[in-house]
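In the two complexes that follow, chain A is the common piece, with chain B as its partner first and chain C second.
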Partner chain A sequence: MLQNLHAGEGATPLPPSPGTLLAVQDLAVSYDRYEKEPVKALNGVDIEVREGDILGLVGESGAGKSLLARTIMNSIPGGGRVSGGRIDFMGERIDAMSEEQRTRLLGNALSMVVSNPRGELNPVLTVGEQIGNMLRYHKGLSAAAAQDEALSLLKAVQIPAPERRLSAYPHELSGGMAQRVVIAIALACTPRLVISDDATSALDVTVQMQVLDLMTDMVRQKGASAILITRDIAITAHFCNQVAILYAGEVVELADTDLFFDRPTHPYSIMLFAAFSHDQALRRHWTRQADPAVPASACPFAPRCPRRQHRCVTERPALRRLGPGRKVRCHDPVEA
Partner chain B sequence: MAPLLDVQNLVKHFPISGSSKVVQALNGVSFTIDKGETLSLVGESGSGKTTVGRCVVGLVPATDGAILFDGEPLDARRNIRHRSVRGRIQFVFQEPNESLDPRIPVGVSLAEPLRHLGIARADRERRVREIAARIGVPEADLLRYPGELAGGILQRIGIGRAIVTRPDLIVLDEPTSALDPTSRAEIVDLLIRLQKELGTAYLFISHDLSTVRFVSHKLAVLYLGSVAEAGEAARIFAAPRHPYSVGLLASVLLPHPSLKPRKRLSLEGEIPSPVDLPPGCPLASRCPFAEERCRTARPAGVTPVRGQLVHCINHEKVAALGEDTDNFARFQEIAARVLSGGIETQETFA
Partner chain C sequence: MQMLSYVGRRLLFVIPQLLGIVFISFFLIKLIPGDPAVLMLGPNATQAAVDRLRDDLGLTKPLVEQFAIYIGKVLQGDLGTSWQTTRPVLEDLAERFPATLELVTLGLGLALAIGIPLGVAASMQRRGPVRKVADYYGLLAGAIPDFWLALVLIFVFYSLLGIAPAPLGRLDITLIAPDAVTGSLLVDSLLAGDIEAFRSAASQLVLPVLTLGLVNAGPILKMTQSTMDRTLASDFMRYAEMSGLPRRVIRRQAIRASLPSVITLVSVLFSVTIGGAVLVEIVFGWGGAGQYAVQGVLNADINPVLGFVIFSALLSLAIYLVVDLLYFALDPRIRG
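And now, the complex of A and B:
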């Protein structure tokens, strides 16, 4: 997947190669401040999703995971703007979507599932109406045909008593069921890419597994691709074929899942992995609090990094290839 | 010797206003904790694990059943405020942010339990400094306000505030679930170290099974206000005998693609509402082994092997699913290999 990402900083992003569904290249999103330099909330994000890929996007809270999803969906919150790079989806640039392009794409070829399903559903419309509206708008179905299609979608997402649920309102659904309805809406039309923004974090563990299984199965059945945004690298190990690690608005490692878990190379990736270890000495070595003696540095991870060197403070590492199927943004990654 | 805490057939029903129905949060929960040991209560939200903790510390009165602390019952008269109990049971909350007063420095919060025990000021200051060293919080941070400190440090303060009275028992209600994974691991280390140093018993309430696996001596799996399975933690993790424990353990994901959770048994649907529970086994609506008997009467507890109590009439069929390959142990091997790579590099920048 990585063949087409440009090499260094400052290079002009090129259009992605055919077969690539979504290409985000050197994307930056900035927030302007009064009489100060703008804050770069995203700074150098490169990801690529091919047809059929399920990409896991991992980072801690504040890393910019949701902002990236919102930027792809062209709804940057709170006055931010794209200040660099480009986003290509199905062969067209979408980093500055026209209103016409937006209504045509969103909910149709490009759809999203968020972590708070009941907040996403309209409380005054029934489940059947909400699924039906998507089908009527994007596919031009009649009201009756849309209801039939909605019913078969509810069956597909394995909601018990689907006939009855068509006329249910969101508050009558449990959290797991509401999330299934949102998934049904996201997959109602002809999605090419589904972005799940921590869609299962609010659910109980046994339900989380059911919903993840269901969502990835349905994405595959539809021949679509997906981005699963999560804080839990364990989810990406089992449901994704690609992993992207985001730290402080930068992609720091990008690899095939098997390669990544066999040998995470960026110190931050290793830190995420180390959090699951029961070996105190090894875990302590890799998981550190930020060292206050380290000044604001070119690599944002340097203050927490056990492998930092002088140049980490002065010179920002570029995202570079490290063997086939892997890119890493680090001066001194751990190599196999 | 009597156990430190003996919870017997604990029942808690919450009335619903404007209705004759009740929320059956707990329907007869029993377990014991000995001095210096950790019992974990695990289960999904709605299983009643938090309610158990709240009943033990007396935040909510029990509807029925008994709680014996140090051999004597805790009730309306002999409660957590009673002279013989005060300071000996402590509670640590899930959200360190919300359980500390935002308007006073955390050091003052840390000393507050001692003030209520009537300890002199000079002694209080000495004790607070000693505790700060134990929980690994720099003394300078004691003067800061909760808003200035990170979640991991605040939870250390929350734990420090609990141990400052040298309690026999600490009820920890999801102490790690609001934290990011790295501070989670640090808090677990701290709890284990403190238990070794001070001999405190823990009632550890959590849904995070990888943490539970690490800290527990004993385990009680709760489902809809009833104990599904209880016993030695290592035994239940190795060979669960209740369908719900099997389903719960199978939903733990470990971060390596080779460690697939085995799908030996799948639980359908979700936890039902705790209002108007059916008479039978609470799991009957989701259980693949459910038969007619399960729907009519609550299964009695049986002890198929010593130290493991199971409330399921089909526990032999569940046991016949076979022992699980121990993914936790295999992950630790993988982690040791991955984490010991690249460790030799000297720090060239101080």
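And now, the complex of A and C:
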């Protein structure tokens, strides 16, 4: 079936199988340019989140992690547009929904934890108002009931002195507190899927772990699933049961966490591991930027790949199954 | 408490600010060529008579001494006499300044009533007819001079259609003005219970207010639209959208965030229009303060000019104080 999906560029993706919460299939996002070919920032992304999954989405800067999250949330930045594929959430196509349907879904069943909460919270509304808004407009609570509920949410995210924070403005919060507020907002209603867009990158390492612990605990308590977007592959080992590696707008490896950390197969995945090693020569590959001039018919990773063969520059590999619990986009994956 | 001490400090600064403004205007006006003594006595006066008058007026004294004498009088509430009207400047301005104030306030009120809703609607609807209308209107309002629009309105509504009253001042000449309490004819006639005077004053106001309103709505519309555009593209508004808040809430939050810029613009427009409405005042024979000051400049009648400068400076300082207080109320970040 997977072979079918990627038989040709023009093949129409099929509806996802039951039990799948979110299915992104062959998703492409393009940016149009004046009198030039559009740039494809996402180029056929496939990911799948089942009920209860916590998926780690890893990639270097510019790989398209945030763009993927924002595309799912229907908020593509900078004038990009979906140019192919489909996104199914809870059995419905969210990329083809009416604005009204989408408004009811976003922030409610599908919510996002942003990475720069002090810039993304409304500067002129109090914390209580911002959490309360979610409850009022998604759950129909009265203003007073929403404030009560907001208070218990602030307690749940373990903010010190929650009563006082209710009437605080975002600029009066520390980074860690603001992050907790954003988590409270994301979990205020009845989330089925929470997307964390590098939510803890701005925090101290110790606070980072606390916040991630708290968030994944709350997600599990609510029986929801999550996507953790990160540049830190160690985080995924801790918190995720699935890992997807994104490179140049494509998923290059998608595997169960155990399998992946036991034995990564895509050359890029192996280089990711190497980047966290102390070996200088290995790390140098990691810091080199993706080559934008790679022709569409080649593997985008080919210029950086130590295992490159003739076939890699003439034929773009498809994401294919490699044993149970793993898919990889490589002609010549590293198999033990 | 914090607010009160802030206002107190601001009011203390008003005195040196006023002194500076009067100082600069005094010497600038003295630089303008033209001898009031010659103009007062006419072309047939003898040199001896002119010299005597110059001496009587104190024009032979050094400039610094003249300034000291002027300031001394101002501090006693004496703004001098206008030789054209032969009346104390304070009395003249007490009559004319409210006329201008009434006109400008209503005119800018109308401009706000047109500019803000149109700007908001144009910004909320990127593609669509409202945006087009707003674009053209902004262009048109920026290109049309107010006195020209005034003449066109008079031509159409007075000369052609005959529904507007003659553009000859603030009240029908056959009516007696109500006792001056506030200086605003609308308010005063209502206070006096004189419905006929009220109706006449209102109908005299229609065309000049329409002129100022239509012209000034242009910049207000542009400012509202561009600030709203920027706000809607900001991180926190995108986050609000991703949180699935309803459109009306998004709009309300965006307007709220855009208000400070609009308030700034309106305060500047207000200060500028107090003097800048002079062309409209002349076209409608309004007898306002701007007209009075321009007559003063043309006839080397210095006291009305300085009196006008002091009045409008006081007004501007008051407006800017109000603006600062509004910022205080609108933005928790300034409250600190």
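Please note the rule applied: the second predicted complex is superposed on the first by the 307 of 336 C-alpha atoms of A that agree within 3 Å, B and C clash if a C-alpha of one lies under 4 Å from a C-alpha of the other, contacts with A are read in each partner's own complex, and residues count from 1 in each chain.
Just so we're on the same page, a residue touches a chain if its C-beta (ideal position, glycine included) is under 8 Å from a C-beta of that chain, and two chains touch if they have at least 3 such contacts.
Just so it is clear, the model here is predicted, and its values are computed rather than measured.
**Q** Judging by the criteria at the top, classify the pair chain B and chain C on chain A as clash or fit.
**A** fit
**Q** Mind working out whether A:Met112 is in touch with chain B, chain C, both or neither, as first, second, both or neither?
**A** A:Met112 sits against chain C, while chain B stays out of touch.
**Q** Quick check on the superposed pair: does A:Pro123 touch chain B, chain C, both, or neither? Answer first, second, both or neither.
**A** Only chain C; A:Pro123 stays clear of chain B.
**Q** Touch check for A:Asp204: first (chain B), second (chain C), both, or neither?
**A** first
**Q** When both complexes are superposed, which of chain B and chain C contacts more residues belonging to chain A?
**A** Answer, by number of touched residues of chain A: B.
**Q** Is A:Thr103 contacted by the first partner chain B, the second partner chain C, both or neither?
**A** After superposition on chain A, A:Thr103 lies in contact with chain C alone.
**Q** First (chain B), second (chain C), both or neither: which does A:Ser75 touch?
**A** second
**Q** Considering only touches as defined above, state whether A:Leu141 meets chain B (first), chain C (second), both or neither.
**A** In the superposed model, A:Leu141 contacts neither chain B nor chain C.
**Q** With both complexes superposed on chain A, which partner does A:Ala318 reach: first (chain B), second (chain C), both or neither?
**A** Neither partner.
**Q** In the superposed arrangement, does A:Ala156 touch chain B (first), chain C (second), both or neither?
**A** Touch status of A:Ala156: no partner.
**Q** If you've got the overlay open, could you tell me the nearest Cα approach between chain B and chain C in whole angstrom?
**A** After superposing on chain A, chain B and chain C come no closer than 14 Å at C-alpha.
**Q** Find the residues of chain A that appear in the contact set with chain B and again in the contact set with chain C.
**A** Touching chain B and chain C on chain A: no residues.
**Q** What does chain A use to touch chain B in their complex?
**A** Against chain B, the touching part of chain A is residues 60-61, 160, 174, 176-177, 204-209, 231-238, 257-258, 261, 263-264, 267, 270-280, 282-283, 285-287, 293-294, 306-310, 312-313, 332, 334-336.
**Q** Would you pull the chain B residues touching chain A in the complex into a rising list?
**A** It comes out as residues 44-45, 180-182, 184-186, 189, 207, 209-210, 214, 247-248, 250-257, 259-261, 267, 269-271, 331-332, 335-336, 338-343, 345, 347-350.
**Q** Can you check the complex and tell me which residues of chain C touch chain A?
**A** Listed in rising order, the residues are 235-247, 249, 253, 256-257, 330-333.
**Q** What residues on chain A touch chain C, complex-wise?
**A** Interface residues on chain A, with respect to chain C: 70, 73-75, 77, 99, 102-108, 111-112, 114, 116, 119-125, 133-134, 137-138, 169, 171, 185.
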